[in-house]
Amino acid sequence: MMVKKTALLLPLVLLMLAFQPVKKKKVIFFGDSITQQGAGPGGYIMRIDSMSKAAHLADQFEFVGKGIGGNKVYDLFLRFQPDVLDQKPDIVLVYVGINDVWHKAMGTGTDFDKFGKFYDAIISTLKKQGIQPVVCTPSVIGEWNDGTNQQDGDLNLYAKWIREYAAKNGVPLVDLRKIFLDYLQQNNPENKDRGILTVDRVHLNEKGNQLVADAMWKVIRSLK
Amino acid sequence: MMVKKTALLLPLVLLMLAFQPVKKKKVIFFGDSITQQGAGPGGYIMRIDSMSKAAHLADQFEFVGKGIGGNKVYDLFLRFQPDVLDQKPDIVLVYVGINDVWHKAMGTGTDFDKFGKFYDAIISTLKKQGIQPVVCTPSVIGEWNDGTNQQDGDLNLYAKWIREYAAKNGVPLVDLRKIFLDYLQQNNPENKDRGILTVDRVHLNEKGNQLVADAMWKVIRSLK
Amino acid sequence: MMVKKTALLLPLVLLMLAFQPVKKKKVIFFGDSITQQGAGPGGYIMRIDSMSKAAHLADQFEFVGKGIGGNKVYDLFLRFQPDVLDQKPDIVLVYVGINDVWHKAMGTGTDFDKFGKFYDAIISTLKKQGIQPVVCTPSVIGEWNDGTNQQDGDLNLYAKWIREYAAKNGVPLVDLRKIFLDYLQQNNPENKDRGILTVDRVHLNEKGNQLVADAMWKVIRSLK
Amino acid sequence: MMVKKTALLLPLVLLMLAFQPVKKKKVIFFGDSITQQGAGPGGYIMRIDSMSKAAHLADQFEFVGKGIGGNKVYDLFLRFQPDVLDQKPDIVLVYVGINDVWHKAMGTGTDFDKFGKFYDAIISTLKKQGIQPVVCTPSVIGEWNDGTNQQDGDLNLYAKWIREYAAKNGVPLVDLRKIFLDYLQQNNPENKDRGILTVDRVHLNEKGNQLVADAMWKVIRSLK
């Protein structure tokens, strides 16, 4: 009796599906030394991992750090194929720009117009390959909260460009620079140049890592 | 009769006093290419001169431009003796700092701490010699009004230092940077990088020269 | 009679082969503004083209300029696929490095170690795809012949790296820097900083273009 | 009997003269961190002091170090009055220029033309005041011996200027750059970038301090 057999099979199939391992979304964090440290103990990637577990979403995400110290946007581009595309990620967060600005003070920063070209080359390729990009503005080089850090102007410019690029291209944005500046406005009454969100004006302390993790996780979990 | 004679002499003396040439106050403008241009046609020094005449104060002031293109604070220090002290001025306006910041982008700016040392060496010497100093904050390098000009952070820092130095040492201040930023906030709706107060992001156009002249003249005429 | 027929056909086939259009070798010149100008009138690529015609080799080569002003090695990498690989060249001459060094003076040069990475990425890919690379050392930034041009040290370093890379990887080398320095040693008795081989310390005058053309053509025509 | 008395006095006077304290020549070493370290144990000034004692000339010289880390030529100028002129020296050795070149890589070096102006201001003033100047060329930033240290070109330029200035103005010269380059040519077979004469590419090790001491002492003791 065919009908009966099918009737018996259906619940079984559903049961099997239910226990079938869910395909996790692979999330790659693509960046510089901040991201490299973010994959270590107390780092922002570890914190996002913990938050996903606390939210009972551990089975839905796999988090992979791909940060290398000193990287600028063109360094990301150089290792884009092996470190990102070949890894078959579902989501890629690009957190870059600090060294592009910072290293101008040592002679080897990135021209503003070139920054945009490489940035777009990365994001466009991700989109073409059906990978979800998420972009982040560069956080800070110095924590003075009255706009007097040497490279505040340039960081503002690069951050503004990323914001506009995200809006124009429909790419989710984690506006780290705005988040950091707002936080420092409220929480740096003595106007120190480090120690509130960073250990050395650039690299994140615990609070800095948590701030980044909160902002990124909010966007990651909202993605379909 | 002595009394009578005296009675006759008094009006004569008063008459003589009235026609006695007033000792003009010599005002030196000490600075870079902006000041060098300020002494030319349409320049801010020429405008101050016109304003003093319009206020019927032409006989009280002599205005002398001592600006040289490319000068940083230490260049002022190098030519301080011949160009300023030897000229026996009454008032000296020091308008410097733009090249100290700007030239960092070409490798030859001025360290922040050194800037302060040379600045103080100039102002302290003026005060010791009974010459009235007036200090000015550096105006702009780029007219974008959202804090994205490459060197906005550094200009803010040097301007802040000058403000605090002026307050601490009781030196009259012409806060050109604040005046320029406020003006651009109101009058640069398209957020252009030049053409509102400068011709090339740095050197002043007519409006820029007038703005500087207005602010300086207000302070100069108020000095006893 | 088969034999006779074949005997008749053979000379015909040879005749046809002789008139068959030769597959020209496509030679791409990949570089910066010097190469961009090299494709213009009097430029080194035009001169190589003339020399190939004078040598009755016009039918064997097609010369294509792919130079863009301001390009550093990573800019070449960014446009490598469309501008070089997609053009299916047989030979590619890479003439880059001047801006990588020069722009350090404006804050946006290329780190020495990164230079090597991008350089190798380009040359390795050419080799993998069966395209013949030819590398060139960067010529000059300033023509003083006593080692006092500001960036002589750095240019020497990058040139040395290219020489060693070429030797190690069996890549033909056009040692422009050595050729230029040797020429200036002999032909710059007044030790001028420009005007012997360049118009502005960097971009080539007629003699400079001819020197580059001679050196490149010698290598190009020697390639099998 | 007068004769007898005089006969008795003469040996006494001679005796007194012999024991009269010789007026020591005060030698100031005016410079940057290399000179600051030079005044410490094992430093070049200490070595010169030892050499003067070994030559039984200890009573003829007093050696005073006036070096401050990070100093460029304009820093020397700023502290010239209190640190040099007010000390009433007989001889002043000026050893400066490394930071003027080096700091270009961090944005705050010294323009070539300004270097000359400040240098001349110092040397001219010494001469006017009857103080004997001795000038030194800047030694090295990096010990590679094939002209590939990043700032070799610029150091060569500043050194060349000092050589020509010394010749033109009849100022004794200690050509440290030449001495160092010659030494490295002979004694750096592995072409290391540090460790032969410096500990860190700039600051002197024992051998470097001895080399400087030898060259300076030779000039100092030759001065009338």
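For reference, chains read A, B, C and D in written order, and residue numbers begin at 1 within each chain.
By definition in this document, a residue touches a chain if its C-beta (ideal position, glycine included) is under 8 Å from a C-beta of that chain, and two chains touch if they have at least 3 such contacts.
It should be emphasised that the depicted structure is a prediction, and the values quoted were computed from it without experimental measurement.
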Determine the set of chains touching chain A that also touch chain B.
C, D
Let me spell it out: compute each chain's centre from its C-alpha atoms, then which one is farthest from chain B's centre?
C
Do chain C and chain D face each other with the same patch, meaning over half of the contact numbers show up on both, or with different patches?
same
By the contact definition above, name the pair with the higher C-beta contact count: A-D or A-C.
A-C
Averaging over Cα atoms per chain, report the distance between chain A and chain D in Å.
54
Could you tell me the distance, in whole angstrom, between the mean C-alpha positions of chain C and chain D?
48
Where the centres are mean C-alpha positions, what is the separation of chain A from chain C, in Å?
40
Among the residues of chain C, which are close enough to touch at least two other chains?
104-105, 107
Parts of chain B lying in touch with chain A, wherever the complex brings them together
104-105, 107, 142, 146-157, 160
In the complex, go through chain D and note every residue touching chain A.
105-107
Mind pulling up the chain C residues that touch chain A in the complex?
70, 74-75, 77-78, 103-105, 107-111, 114, 117-118, 121
